[in-house]
Structure formats: structure tokens, C-alpha cells
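So, here's a batch of structures to check.
Shared between the two complexes below is subunit A, which pairs with subunit B and subunit C, respectively.
And then the complex of A and B:
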């Protein structure tokens, strides 16, 4: 019995932190409609700053804590003002979500640069000796956690319910358009909400720091836990977020104790998927129903990127010949290998572009399919001597099955819930990859994977892989270009922005989404298999959430919805560390920063920018007439 | 016009829908005869758009049913309804952002294309031929409404009125049997409205039945075979345009008492279309 209560106490303590992070999510979501994935970054940033102030400047705990919080809030306010608020006025919600993912990556990369990858531990606020309350041992830090959580909730409640500022915030949350008409400065309120969320995150980070080990990527874990918590509880409701956080903490603790720590994440994610199917908007609903017939504000910031067919063919031909000749001038080495990797990742990127760039379905779990493809093909080859080609096909088939099963969940979901479900899927695969160590080799990875081979020919040098990947990429681009330029591509683009209008024209939205999802899963799987064969090694982190986020960054930087653009993003991010060795540790930071920058400055990506440049070069004299249309405008 | 023969193209029976305490449509019934143009008019907030949403099942009715050429389509999904040949446009033009004008029009034909995705991926000749024919038809339609020179323009860059025209021809590409148009003339100037009237008549010539919500009375009086007047969610009058125009209840609903029919035009309203 005391065991049980002990677990209960532990669950509530962890749950309080999840609840705080969830509260930050909910606050920003209610005011902006966007999930700020960078929420967890605030926690880790505050905690590490606090550590440095203590360890290096010798500040006392309380001063260091306040200093950490203050600096994080300042960083949050600046980031918000420079990225989040300007982004809101022109990016769609799906793109905002990805930009937030970019902010998270950027923060992670920045922390990696400043603090390195080693773990840090902070001393508890008031000693290591737990206090005993009615026979239950409670670590003193736990009291700090619960106390801080309660205090923060109380302050937040007071702010929102009792002050003018809070009323303005709530007005923005309920109806931004109406709030604007009432004379409320919505962008300022948005910034306030963002900063407030940074504050809540920082507080959570500082109080939990002594109870966990801190590392550059801990922020991602905080984000994920908080995200899962709000999704379970109901993001549009503060009590729901708190409930979700507590529930998640309890589930984690009990699952670890009674099942296995390896699968406690899997169980939490399973719970999430059940909730998503059963009550997509969480356990505690919002109480506000949106009008169905009104178009969600379609912010258009991108330009249409289209190459004229002859120009496209000529450019493609030149690029192909150039790529074929490239190895003759390149030394066989790191650069060639990076190109092979970029080419392999491009296969996954093609699928992601179809799913996200064309059909507008956010996926943050694409690496999950890479893992399925990679582990299936590698395990079959290593343990059962199955021919690599068969292994690749088996992986693709398995991915297809998983994608269809996942669709049962995701088809009903849109936007952020879809992103969440795919993220959960990626994490689930990840935790299986770590947990099923008999098959996958566990955290340390699967070794001794043979080279890819077809009918006796082994692709065992980077050069042979280069040509294999080149041919494969070219064929895939050709195939998908055929479908994208015809009705398939048009239907995807139509459902991207307006599912209802597409349905009203008879477009089968469900079928389109399913097809796009299946294609993206199979391509990611193929990419994952080749990846494993090329490295002769596969570990969970090679195909984990960081990879999923990197794929998103590559896609956006290269140019989503352009089919070949992502290759540029892939090459840029893969080559950077190979070409400039000293930059290797900055890679994560740059990929996040570039992603954010692209959304704000170059929404068509590198490829779109290049095409616009080409267009200016080839500008024909018969430009379309200017759009004056006197009297046509209402 | 003889609406009593055969089955009606559209028959709405006792449609009811409330939003919270607001009864947006109450017990609405009317028929639309095949091959005619029926205008649905009424003051702002009368429930016209709601009625369209109920017919196309974007919003579920609380009670009542909708028959389309005799088939009960109550509860059928919007996409299936469209596939049966009942296609609508929206009050706020909903062109697809990120696509050119031509591509937008081509989406209209989506459900009628034969080429499968696999055939398109393989660049098979018949899919390319189908695409070419389709583009030619789309361009002819664009030409008919004077948008041909904008075919490669980003659709959302068009002025509002042009976007609404684009939506109409996109719907036409779907080869509908019944076309529901929600305020197609909003944002058009007088001469463009004339062209729209001609377009509507041409559509009727091809045998397509039209149900149109419109505030522009001269357009309504010009083209409609039947007018249905809605006020506060209920049908208050229906009949030929000249009958309705003389109906005292209608005049009162629109202008209060003591008004002349000439003042109808003053009611042209697209103010609610205001967009940021």
C-alpha cells in the first residue's frame, strides 16, 4: 500500500511539471491557435542558465533561479517578437507549427553549442534529505515543485480572471477578430501570451531541474510530454491541461513500476492515441464550437512556383548530366558520402513533400517509417540472410500496413492533432526500437548490416551507391512529377487549403489523404532501408524524432510543394558539416534557424527563390496584363 | 416554366435548423423545376447560406429532407452529393490558394477524370491526352468570362469579383445537373453583372438547373424563372419574379412599409463580404 502511495506521490510530482508545461501550451494555443513546440526549450534554457549562474558565477540558488527565469523570459520575448508574432500574420497554422518546431530545433542547437552534449545535474533547493509525511517519503524538491505549480496556477488564474490585461487576453482567445474590433492590440497580446508561456516554462524548468538530468535535448522531451498532456486533457481548456499533465505523470510512474521503464513511454503514447480516437479534442472540451462553413483564415504568403515545361526539362537534363559527371571531379570521400546520404534522405523528403507540401498534412513522425524500413530490411538481412531487395520491399509493405492502421487515427484529425498523432507514432516506433533490443540491438544499435545488393551485384562503395541513388531519385521524381502535374496533384493541393470546397466539387478527400500518407510512408521506409545498408549500422537516434524534425527543416528550406526543391535543403544540411568541419556542432542550430528564416523571408524555399530568379531571366514580353479591374474589387 | 410536371430537380421539404437559440431556417419547403433558374432572396441573415449548407449537408438539418431528382440526399456526404451532380459555390469565394487560375478551374473536373494516379505517374499517353483536352475546355470557359489572360496568375491575386466568377466556372467544370450559386454577383460592376446574367442564361440553355442566392434585384428580375423569398428563416413568398415583386409582404420585409419596387436595387448588398 505504501508502495502504491509512494508511486502516486511520484506521479503527482512529475505530473505537476507536465501540467505547468501543458499550461504554457494551452495559453499560447488559446490566444493564437498555434501549438508552440518550443515550450519545452524554455524549461531547459532556464534550468541550464540557472546551473551556469550557480556553478560558474557562484550565485546562490535563489538568485540563480530568478536569473535563469529572467533571462529565459527575455529570450522568449525577443524570439516571440522576431519570429512568432510576424509569422502569425502570414503563415497558416500548419506552417506555424512547423516554424515552432524550427524554434525548438534552433534552441536545441543553441544549447548544444553553449553547453555541449554532456548531462548536467543541479542540487536540490533545500538539501537531499526527503521529508516524511504520514509515513510517505517525499523529496523536498517535490514540495517545491507542487508548491510552485499551485502558486503559478493561482497567479495565472488571478491574472486572467481578475485583471484588465487578463480580460484582453481572454478576448483574444475567444475571438481575435472581435477583439481587434474592440480595439485590443492583438499582436501585443500574442507577444504577451508567448512571453507568459516562456515564463511558465522557465519556472517549471528551474524547479524540476534538480530532480532530472539535463541535456541539450531534454527540452524536446519536455515539449513532447507537455504536448501529450494537453492533447489528453484538452488543449482549449486550462483545467483540462492540468488534468492531462497529472494523468500523464501518473501513467508514466505506474507503467514504469508495474510494466517496464522501457515501455512506459509506449504506454503513455498508446493512451494518447486512444484519447485521440475517442475524443479528438481531449477529455475536457472547449465548449466553443466553430462554424463549419466558414473558411479557416487562409493566409497566403507563398507565391506560386511553376517552371514552364521546356525550362523544367532543360534544367532537369542539365542537372542530371551534371550529377552524373560530378564524381569524376570529386575525390571519393566525405563529400561524396554526404551526397549519397542527401540522395537517400531525398527519397523520404519526396514522400514528405507529397504529404505536407502538396496535401498540407503535417507529419512530425516521418522518421518512424524510416525506422520501420531500416530495421526490417537490416534485421532480415543480418539474421535471416534475406536478399536486401526483398528486405526493402518487406519494410515498405510493413510501413504501408502501419500507415493504414495509423490512418484510422489520423484520418479524423487535422492540423495540430494530426501533427501530434504522427509525432506520437514516431516516438512509439522509437521506444520500440529501444525496447525490443533482441531485434533492433537496443539503444546501441544494430551492427553488421551488409551492403545493398541486387542479384549478386553489391553496392559496396560510395561511388556505386551514388549512382544507385541518383538513378532511383531521378526515376522517383519523374514518376511523381507525372502525377503531381495532373489531377492527382491538383486534388492534393486543393485539399491542402480548403477541404470543404474540394469536397463540394466531389474530390474524395479521404482517399487523397490516404494515398498521400501511404506514399510518404513507403518512400520513407525505402529511404530508411537504404540508409541502413549504406551505413552498415542503424541506431534508434539515426531515425528518431530529431531526424523527423530535420526532414521537416530540409523540406521547408528547399521549398515545400516543389517536388525537387527538398533535395536542395537535404544537400545543404547534409553537406554543411562535411564541407566545413568546424560547423558540425552548429548544424542543429543552423537547420532550425534556416527553417525559421525561410518561413519568414523565403516561404518558397531555396528552389522557389531560384525559380523566381530564373523567371526574371526568361521573362517573356507577353507578361499578363496588370490586375486593375476597376470596380471589380468590392 | 411549368414546375409541376415530372419530379423537381431539387425538392426541399420542411428543413429546420437552429443554432443555439437562433432558428436559422424553420420549416422551409420549395421545389426547383428542372432546367430553370430559381432565385433565393431575403435580407441579410435570413438563412439563405444556411439553406445551401443544409442542402449540401455541410451542416446537418435538425429536421426535414432534401430530394435531388427524386433521390433522398439527406445525410449523404458533401463529396457524394457533389458526385451526384449537385455542385455549389460559396458566398466568400473559395478559390484554392497556391494554385493558378487554370489549375483551379481544372480541379472542378476532378471527379469525372478517368486516368488513375498510377497511369499519371507513368506518363501514359491517354492520361496526357485527357489532360490536354481538359485544359482546352477550361481555357474556353475562362475565355467566356474574360479571364483567359489570367490563366497562369495565382488565383488569390484576382480581385474578389473575378474570384467569384472563377468559382462559378470551376463549378461548371464539374458538369453539374444542379448548380447552387451563393451571391455570384457580389463584387461585380454593372457591366460584369450583365455578363453574369448572360452566363446564367447560357447555363440554363445547356440544361443545367440553377438555384442562386442574390441580392442584386435587377439581376434576379432579369434571369429568374422563380423567386423564393426567405425572411428570418421562413419562406414568406414564392412565385414568378413579377408576382413576388408586387407581394406586399416581400416589400415590407425588404424596406419596411410604403416602398416602391424601384427601391429594390438600393438593397444591393455586399457589405457583409468585407474581408481583411
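And then the complex of A and C:
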């Protein structure tokens, strides 16, 4: 019984931190309609700043904590003013979500550069000896955590319910257009909400820091916990967020104690998926639904300028010949290997482009399918001597099955909730990859994977893999270029532009979405298998959530809805560390920063931007500019 | 002259919706904007409230150019808009909605003004007084419209712009809204009324403007407009078919015949 109560206390302590992070999510969501995935970055930033102020400058704990919070709030305000607020007026909510993911990656990369990858630990505020209350041991830091959480909730409640500023914030949350009419400066209130969320996150980070180990990517864990909490509890409601946080803390503790610590995350995520199916808006519904008639489904859809067929064919031919001849001038080494990796990832990117660029379905869990494909093929090859080709097909089949099962969830969801469900799926696969250590080798990974082989031929050199991947990529691009110009592609684009109108025109929305989802899952799986065969090694973090976010970054940077564009994004992000060795540690930062920049400045991506630029150049030289039709939706 | 709009052009991205609007409102006047759905009435009132930036042209209020001012500044000068579709804050109480209506007033007398105006609004709409702490979401359309007008009055406007106040209300409620418009004018508030319901609007207004495709096509005394055959044919509906001249109907019949033969 004491054990049970001890667990209960532990769960509440952890849960109250989750609740605090969840509150930050909820605050930004209610005012802007966006899930700010960068929330966890504020926690880790404040905690690490606090650590540095203590360790490097010798500040006392209280001063360092305040300093850490102040600096994080300043960083949050600047980031908000430069990226988040300007983005809101141009991007759809789903794109804002991805931009926030870019901000998180950027913060992670920045922290990696500033603090390195080693873990840090902070001393507790008031000593290591736990307090005993009625036979239950409570760590003193836990009391600080609960106290801070309660205080923050009380202050936030007072601010929102009782003050003029709070009323204005709530007005923006409920109806931004009417709020403007009342003379409320909506962008300023948005920035205020974002900064306030940064403050809450920073406070959470500083008080939890002594109870956990801090690393550059701990921010992602904070984000994920807070996001799972808020998705379970109900993002549009503060009581829901708090409830979700406590529930998640309890589930984690009890699952760790009674099942296994390896599966505690999987259980929490399973719970989340059940909630998403059963009540997509969370356990506690909002008192008022935010007016979403304007923005929720809106996508900023710029017309993707495409090359004319003859130009496209000639360019593609030249590119293909160039790519085939490239290894003759390149030394076999890091650069060739990076190209192979980019080519392998491009297979997954093609699927993601079909799903996101053409069908408009956001997926933040694509690496989950890479993991399924990679582990299935690798495990079959290592443990059962199954031929790699068969293993690849088995992985694709398994991915297809998983995609169909997952689509029970995803077909019901759109936009934001779809992004959340796929993110949860990716995390779930992630935690299984860690949990099923007998099959996957656990966190340390699966070793001794053979090379890919067909018949008797082994693709055991980077050069042979290069040509294999080149042929595969070319065939797939050709195949999809055809499919996209056929009725399937038109149906997908109709769904993206207006699902209801597409359905009214007789497009079988469910079938098309399912097909696009299945295609993307199988391609990701294929990509994951080849990835494992190429590296002869596979670990969960190679195909984890960071990979999913990187894929999205590559897609957006390269250009959504262009098929070949993502290859540019893929090559750029893969080659950067190989070509500029000194910049390797900046890779994460750049990939996040580029993603954010692309969303703000170049929504059509590198490829789309280049084609549009070329088009303008030719047009101004040849004939009087034909403005008719430009800027119109296709 | 209280409000003077000169050659106002407003649009979304590259397409101008309003193409050179000229319009004036004198103190104590009721002026109505009549026009079909999509003619540009809502765009015009949004531009006047500061929600849409004009592409060109000037808006002068009380002798001061206001076309570049933010909504808050215009509210403080005494120009308020009651938007189309009411747009009340449904999750808040009546009191909170009214308080937000006075948000722009941040001067030293803000609290006193707010209390006084709340009383005035309650005197005007007793039903709001009774449900002061009720959440607005489950009010009837008429009650929400009253609240929207009350909220607009909270900033103490001298010119109140009403955008389609009769939209979606019962005939009884519509009549009440138009009576209210006259009462507000009697209290010294000038009214600019954008309405599809041209007959009722022209009946209470002093002057009227007809807007078509982003331009003022006709303007004058409301009484004259009400009896103008053009208005009758286009905006006053079937009941006035007799007003259409004999020549007109003969011409129409001729065209119909031609069309059928072709």
C-alpha cells in the first residue's frame, strides 16, 4: 500500500511538471490556434542557462534561476516577434505546426552548439534529503515543483479571468476579428501569449532541472510529454491541460513500476491514440470552440510553377546522365556516401510529397514507417538469414498493414489533429524500437546487418549502392510523374484544395487519402530498409522523431508538390556536414533555421523558387509578360 | 461634416473591390448604404472601421484624416462598427462583452465612463440587464444583436456604423432594430446603416447611397430613393413590379421573344 501511495505521489510530482508545460501549449493554442512544438525548448534553454550562470559565473541558485528565466523569456519574445507572429498571418495552422517543429529543431541545434552534447545535472534547491510526510518520502524538489505549478496556475487564472489584459487575450482567443474591432492589437496579444508561454516553460524548466538529466535534446522530450498531456486532456481547456498532465504523470509512473520502464511511453502514447479516436478534442472539451471557419483548413497555396513537358524531359535527361557520370569524377568517400543517403531518404521523401505536397495530409511520423521497414528487413536478415529483397518486401507489407490500421485513426482527422496522430504514431514506433530490445537491439541498436543483395549480387560498396539508389529513384520519379498527371494526381490535389468540393465532384476522398497514405508508408519502409542495409546498423534514433521532422524540413526546403524538389532539400541537409566538416555541429541548427526561413520567405521551396525564377527570366526575355492566370489556384 | 469619404479604393491583394467611393455623413443623420450581396458594403464599413487598409483615397472624420489610423484610435475618436453577423464573444458573459467594447478607452476616466455607459446600454436593452452574468453563447439571435449594438455603444461613439443588423432576425425583431436606430439618432448619434433590406433601411434613413460593383451608382434623400423606379425594380422586390414602366416591360417581352426564336 505504501508502495502504491509512493507511486501516486511520484506520479503527481511528475504530472504537475507535465501540466505546467501543457499549460504553455494550451495558452498559445487558445490565442492563436497553433500547437507550439517549441514549448519544450524554453524549458531546456532556461535550465541550461541557469546551470551556466551557477557553474560558470558562480551565481546563487535563486539569481541563476531568475536569470535563466529572464533570458529565456527574452529569447522567446524575440523568436516570437521574428517568426511566430509574422507566420500566423500567412501560414495555415498545420504549416505553423511544422514551423514550430522547425523552431524546436533550431533551438536544439543552437543548444548543441552552445552547450555540446554532454548531459548536465543541477543541484536541488534545498538539499538532497527527502522529506517524510506520513511515512511517504517526498523529494524536496518535488515540493518546489508542485508549489511552483500551483502558483503559476493561480497567477495565470487571475491574469486571464480578472484583468483587462486577460480579457483582451481571451477575446483574441475566441474571435480575433472582433477583438481587432474592439481596438485590441491582436498581433501584440499573440506575441504576449507566446512570451507568456515561454515564461511558463522557463519556470517549468528551472524547477524540474534538478530532478532530471539535461541534454541538448531534452527539450524534445519536454515538448512531447507536454504535447501528449495536452492532447489527452484537451488542448483548448486549462483544466483539461492540467488533468492531462497529471494523468500522464500517473500513467508513466504506474506503467514503469508494474510493466516496464521501456514501455511506459508506449502505454502513454497508446492512451493518446485511443483518446484521439474517441474524443479528438481531448477529455475536457472547450467551453467555447474557437472560430476556425477562416484558418483551420486554409492552406497558403501558391501555384507551383512547373517546367513545360519538353523542358522537363530534357532537364531530367541531363540530370540523370550527370548523376550517372558523377561518381567518375568524385572520389569514393564521405561525399559519395552522403549522396547515397540523400538518395535513400529521397525514396521516403517522394512518398511524403505525395502525401503532404499533393494530398495535403500532414505527417510528422514518417520515420515510424522507416523504422518498421528497417527493423523488419534487418531482423529477418540477421536472425533468419532471409534474403534482403524478401526482407524489404516483408517490411513494406508490414508497413502497409500498420498504415491501414493507423488510417482508422487518421482518416477521421484533418489538419492539426492528423499531424498530432502521426506524430504520436512515430513516437509509438520509437518507443517500441527501444522497448523490444530482443528484436531491435534496444537503444544501442541492431548490429551486423548484411549488405543489400539481389540474386547473388551484393551491393556492398557505396558505388554499387549509388547506382542501385539512382535507378530506384529515377524509376519512382517517372512512375509518380505519370500518376500525378493522371486522374489520381488531380483527385489528390482536389482533396487538398477543398475536400468537400472534391467529394461533391465524385472524388472518392477516403480511397484517395488511403492510397496516398499507403504509398507514403511503403516508400518510407523501403527507404528505411535500404538505410539499414547501407549502414549495416540501425538504432532507434536513426529513424526516430528527429528523422521525421528532418524529412519534413527536407520536403519543405526542397519544395512541396514538386516531386523532385525534395531531393534538393535532402542533398542540402545530408551533404552539408560531409562537405563542410567544421559545420557538422551546426547541422541541426541550420536544418531548423532553413525550415523556418523557407516557411516565412520561400513557401514554394528551393526547387519551386528556382523554377519560378527561371520562368520569370525566360518570360521577360521572350514575350510580353503573360500575367493572366498567374497566382491563381490550379 | 462628420464623415467625409473621398475616392476610396479598397481591395484584397490586387483586386480592388471598392473603386472610388464618395460618401458623407453629417452629425445627427441616418445614412443608409443599399446594395446587393457582394456589392462592397461590408468592405466599405470594414475600411471605415480600420480593419482593411485603403489602396487610395481619403477618409476624414471630424476634420481629421483617419484612413491610416488603427481601429483603437478611431474608436477613441468616436467611430464604432457593429459588424455583420454580430461577432459577439460567445464564451464570455454580457458584462465581459460590454467591458471589451470599452477596451479602447484607456484614459483616466475609463472606469467611470464604462460604468455610466453600461447603465445607458442597460436602459436601452433591459434584457441585457437581466442576463448580465449569463454566457452569451446560448442567447437568441435578437439578443446577440442587441448585445453587439450595446457593445458598439460602449466606446461612446458619435458615429455608429451598423453592418446588416437585420440579418437572420425575425420580422418583429427587425422592426425593433430599426426603431432602435431612430432612438439612437435622437440621442445624437449619427448612424451609417449598411443593409440589404433596402425598404426598411430607406424608410428610417435621411439619405441613402446605392452601391453596385464597388461604386456609388445613385445617392440622394432616402424618400426620393424609396420612390425611384430604378431602386424599386432592383432592390424593393416583387411587390413593386407595377412601378416598372410599360415601356420597360414591353422591351423585356421583346427580348424574351427574340431569345426564344434564336
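We adopt the following convention: the second predicted complex is superposed on the first by the 603 of 634 C-alpha atoms of A that agree within 3 Å, B and C clash if a C-alpha of one lies under 4 Å from a C-alpha of the other, contacts with A are read in each partner's own complex, and residues count from 1 in each chain.
The criterion applied here is as follows: contacts are C-beta pairs under 8 Å (C-beta built on N, C-alpha and C of every residue); 3 or more make two chains touch, one makes a residue touch a chain.
Just so we're clear, the structure is a prediction, and the values are computed from it rather than from any experiment.
By the touch criterion defined above, A:164 reaches subunit C but does not reach subunit B. By the touch criterion stated above, A:183 is placed in contact with subunit C alone, subunit B being left untouched.
In the superposition on chain A, A:143 makes contact with neither subunit B nor subunit C. Of the two partner chains placed by the overlay, neither subunit B nor subunit C lies in contact with A:221.
In the superposition on chain A, no contact is made by A:8 with either subunit B or subunit C. Of the two partner chains, neither subunit B nor subunit C is touched by A:397.
Which of subunit B and subunit C touches more residues of subunit A: that partner is B. Looking at the shared chain after the overlay, A:175 reaches subunit C, while subunit B stays out of its contact range. When the two complexes are superposed on chain A, none of the residues of subunit A touches both subunit B and subunit C.
Within the complex, the subunit B residues that touch subunit A are 49, 53, 56, 58-59, 77-79, 82-83, 87-88, 90, 92, 94, 96-100, 103, 106-111, 113, 115, 117, 120-123, 127, 131, 149-150, 152-154, 156-162, 170-171, 174, 186-189, 192, 270, 273-274. The residues of subunit C lying in touch with subunit A in their complex are 49, 51, 70-73, 75-76, 81, 83, 87-92, 96, 99-101, 103-104, 137, 151, 155.
Within the complex formed with subunit C, the subunit A residues making contact are 164, 167-168, 170-171, 174-175, 177-185, 287-288. Interface residues of subunit A, counted against subunit B in their complex, comprise 292-295, 298, 300, 302-304, 306, 478-480, 482-483, 485-488, 490-491, 493-494, 496-498, 500-509, 515, 561, 624-625, 627, 629-634.
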